[in-house]
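Have a look at these structures, which come just after this line.
Shared between the two complexes below is chain A, which pairs with chain B and chain C, respectively.
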Partner chain A sequence: MNRRAFLKATGTGLMASAFPISLVKLAFGGQDPSRDFTFGYISDAHIQQIKGTQFVRNWDMGLIRAVREANLLTPRPDFFMFGGDLAQLGKKEELDHGLEIMSNLRGKVRYVIGEHDYYLDLGKYWQDKISPLYYSFDHKGVHFVVLNSILTYHKWTYETWPSPMDRMLAMARLDNPQGSPFMVGDQQIAWLKKDLAKINQNTPVVVFSHSPIQKIFKPWNFWTQDAEKVQALLKPFEKATVIYGHVHQIQYNQIGNITFQAVMATAWPWPYPETYSQSASCLPKITVPMNRADPFFERDATGWQFVDMNSGKTAMHYQLPDNPNRTVIFDAATGKPKDVKYQDYIRRIPPQTHF
Partner chain B sequence: MRNSKFSKSACLAALIGLGFLAISFSIQADDFSEADLKRWNQEFMSVVMAGEKLFHSADLGTNKVSCDQCHPNAANTHPETYPKFQQQIGRVITLSEMVNWCIRNPLEGEPLLLDDPKMVALLSYITYERRSVPLAPGKH
Partner chain C sequence: MFCIKGEGKNKDTIIHHYRKGGTTLKTSKSCLKGIIRAGATAVLFAACVAFAAPVGLPPVPVPVDNPMTPEKVKLGDKLFHDTRFSTTGEVSCATCHDTAKGFADGLPVSEGIHKLKGTRNAPTIINSAYLHTQFWDGREPSLESQSAQPFLNPVEMGLKDHEPILKIVRSDPEYSALFSQAFGKTGEQITMTEVKQALGTFERTLISGNSPFDQYYFKGDKTAMSPAAVRGLDVYVNQGRCVSCHRIEQTQALFTDNRFHMIGVSANQMPRDLEELSAAVRNVKEKGTDIAVLSNPRTSSLGRFAVTGDLTDIGAFKTPTLRNIELTAPYMHDGSHKTLEEVVTFYNNGGALNETDTVPELLSGGIRPLNLTDEQQADLVAFLKALTSPEFAPK
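Then we have the complex of A and B:
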């Protein structure tokens, strides 16, 4: 199925409205259309318990809407990814409630862990009930890797906080000056090296992580401390893509052969780091920001996108509520992704200016 | 007569007294020390810190949601642009009104009086995190 046919198929009925999920399409340049497939991506739900059976309505509604609308996708995605931060404070109640909502999703779901899921019990309940913390799988000729990229220093994790909930609260606060940078860690990097060693370098590789495997803004952990080590392992592959959550906003970048794409949150959007005037940031220069969020519309600055990987290069299609849709293609001439409409500064619109 | 003399001298004394008062006021107002500056800054920063706590508190509203969940470091609050025409409300409002909008809606809480020490603390923190950015009232 080509992209036009896919758009036509997905552009009907309720799909015409904007969905807070990401549908990803992997295509193989028409070489073997039977191998084309799609997968959906839902991320950053931040299900938050108030007390007992009460949960924050706003965040519940974001995930409920994503699941309902994902169930209407045609053609059916081969599988779904959840990109991390199912819970706000890693509590069993929050994870259970999130899983209950996710259980309505028709199709196989695989999970990436986020820091909000991890730092209460260091992933114990997650591994018991949901998923391993890192793993890989193959699907129709593509090698997928799921990383746990939200680890940090041993001392911060084990020797700093009086209780597990103190540790969780410290990591849950994005702007915490007592926070600690995310990292993949040497043990997992050794595993990744071994995992990728058996993969042919012509095989497209897609890495799912919660944090960006690149360095954008350390104070909010839009950052992975050992990103370069992971990037080095992806370097031999002709077609490498990293898809990440955590940042709750549109970001895209190209570092060497690796294309980076962020997914939207179902819960709430985050400001771009450059809007914090007291600290310098390194938002990828090629990213044309999403429109500034309207707080009066709860689901604004959430959205969904699908990725078209023709010839193994990503093209991202963003479907955004109350905003014109966005398309970011891979520009073979420059070797970088570019927004087909807004990439030139003179073509940008006032809401894309964040300050 | 006596009364009038008394009142004249009373007036004179009052005037002299006022003069002294004025002189002593002007001395106090102009003549402050490094220690004063330090104390005033400490007073201000203690309110900023109280604001930082409230801004990150799960108890400002009723649903455990805190301001920083959407506004890390109070980013995207644009204090320098207020008062401005808030198009969703349809009139010119101050930052305090927008703070109360957030407390009412995402935080599902009760709005604060505009001179509530909590409101003063929140505004102090939000503005402090935006220090050195030029005023731009009305900007969008």
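Then we have the complex of A and C:
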């Protein structure tokens, strides 16, 4: 079954095949089927402590649901990624509680750090207990890089705030005039340069970061200040992809040879900033907006995703409770990612404009 | 009971409101707002308003290929009550959809031939004409297609195929006359299509509104509901969050959103892991959905997932109407709640009968603890009892 036939079969086929969508073997007849694989991606859980052993139920339920659904995927993904913001305010209690839920996930999990995990203790507990802040690994012919993209200026981090929690709270705010833009930083960029130097330019490269390694909207830190420097290092590669969290919505974009794809949050949805400003804007038009969330259903417009790498590019299968699932693939004909179902304007579900 | 008036004379109000491939085609005068969803099979499902509905309900949608006639209703009524269409000669549609029990059966799960038990609670068929899908998991799109299934289910009427039904209706003189009047067909000309159409037509007459709530809400009679029920309505639309799924609209109330939700009922029956889920899915594939889900509680617990294969639908069941709910205890798709009080407690705890029960991992995001006081819960029950239509009200 080729990709198109697969997508067609799962779009409306329901129980037409022997197994439901996530139980279908994702075999797209790639050039080397032994290298076909999938990985799962869960992100932005924002586990939040109220007090003691009490945590915000809504965010708990989002992560629990994603883990439970991901455990029903077959064949099993080769590994899972967690895309950052496991905690809301970087507390040990929150990270521990999040890890406890994540421990039910069947399979190896690798972690990307988000600003909500970092700005209380600057990643100390994260490194002790969970993961290095940046690293790379290879899997079935693909080179994967994990970046810590949520760093910022030294002065803001070390000399501005009376306490670590003040710093954490400042970074946790969206639209904070006292905020500071995310960046990867020169030290890590030097490491990345060295890391990529070893890699053949035909090798597919996938970068995982928390913030977008592109500039969308600065007040919300849908932004990485030194994105161009990272993009320059990815430029020589034939197949380069950046997958990021933080934005809590489906986004995709193409800059030169680099494909950008965002992952969903399990906690809550953000709108695209353009819809937030409700006036003309110069924001990049990079995405088919999500269906508006029905706020009664707390999981609506949240979700998780699995990714197949069979063409050397990421095909992102978004799993969206209470909303139609979506799939965004790289379209070789146009050289851009596209939504397989909703890309054409006429196919989109118009947003609700009144109640 | 509401009965047919006008006998399908209002042909000028026929509309075709048909959606396929994202395009909506309106082919005639629009008398009914709302889109009848056509599935992948794209059944042309137009609506014709054959008769006006009672207070609180919209016009009854009728498929364009099966208009209402009194002859068909009479025939459908007889078919509905005929016990000869079961292997034991003891079970009819009316066995589980009993007029005296609100067109349900008062049992947790229904009993068919030889007292064999299924896995699901018989839903009332009052107002089922309005539902977009039939069965708890919506596996059939219409009353017509639904009506043919229970004859063949081994735990319901147990026939191997529909031939015994056709044999009876083709040879019985009474049926000969009725089919002739209803369809102009006799003998071999009679097929299951006519049987299903007659049953569907009969069911479309089982329309019941005009409850104290309808008089209060749509007719402005402030004395129609008790003060407790009036307070209960406030809980219903506000803190209780009931109205989001059991909907009340501006001019009518079906008390359902026609959607499927995992609210936590019988969550302990659900497949615990991938292996159990795969086994349940295989069961569906091998036996067919209808037989698989009624013969195995674990397969039954898949709910809508057994139809769509969508992870969102695991354990999700159709929102039932609440009209005449007082008559149809016990409640929920498996009949596991004995009383309305239990149901309200269950929702108040966020999908659990006991506060300490584990919260199901795949619980719908709409279900959460409500923090209702005892009085609010009692008021809510009083409101639910104000949804009983006068023809069913306890004497």
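Everything that follows uses one rule, which is that the second predicted complex is superposed on the first by the 306 of 355 C-alpha atoms of A that agree within 3 Å, B and C clash if a C-alpha of one lies under 4 Å from a C-alpha of the other, contacts with A are read in each partner's own complex, and residues count from 1 in each chain.
To be clear about the criterion, contacts are C-beta pairs under 8 Å (C-beta built on N, C-alpha and C of every residue); 3 or more make two chains touch, one makes a residue touch a chain.
Everything numeric in this text was worked out from a predicted model, so none of it was measured.
Participant: Let me test your reading of the model: by the given contact rule, A:Arg68 touches which partner, first (chain B), second (chain C), both or neither?
Facilitator: Once the two structures are laid over each other on A, A:Arg68 reaches chain C alone.
Participant: Just chain B (first), just chain C (second), both, or neither: which does A:Pro271 touch?
Facilitator: first
Participant: Let me test your reading of the model: by the given contact rule, A:Arg347 touches which partner, first (chain B), second (chain C), both or neither?
Facilitator: After superposing on A, A:Arg347 lies in contact with chain C but is clear of chain B.
Participant: Just chain B (first), just chain C (second), both, or neither: which does A:Leu174 touch?
Facilitator: A:Leu174: touches chain B, not chain C.
Participant: Using the superposition on chain A described above, determine whether A:Gln201 touches chain B (first), chain C (second), both, or neither.
Facilitator: Neither partner.
Participant: Check whether A:Thr160 is in contact with chain B, with chain C, with both or with neither, and answer first, second, both or neither.
Facilitator: The answer is neither, since A:Thr160 touches no partner chain.
Participant: Which holds for A:Gln127: it touches chain B only (first), chain C only (second), both, or neither?
Facilitator: neither
Participant: After superposition on the shared chain, which partner residues are touched by A:Thr334: those of chain B (first), chain C (second), both, or neither?
Facilitator: Neither partner.
Participant: Thinking of the overlay built on chain A, is A:Asp300 touched by chain B (first), by chain C (second), by both, or by neither?
Facilitator: So A:Asp300 only meets chain C here.
Participant: Of all the chain A residues, which ones make contact with chain B and with chain C?
Facilitator: 57-58, 296
Participant: Where on chain B is chain A touching in the complex?
Facilitator: Against chain A, chain B makes touches at 56, 62-65, 68-73, 75-76, 78, 88, 101-102, 105-106, 129-133, 140.
Participant: Applying the document's contact rule, which stretches of chain A touch chain C when the two form their complex?
Facilitator: 12-15, 18-23, 57-58, 61, 64-65, 67-69, 71-74, 296-300, 302, 319-322, 325, 346-347
Participant: With touch defined as at the start, can you tell me which chain C residues reach chain A in the complex?
Facilitator: 22, 40, 241, 244, 273-274, 277-278, 281, 284-285, 289, 305-312, 314, 359, 361-366, 368-369
Participant: Which residues of chain A touch chain B in the complex?
Facilitator: Checking each residue of chain A against chain B gives 46, 48-50, 56-58, 173-175, 219-220, 268-271, 275-279, 292-296, 350, 354-355.
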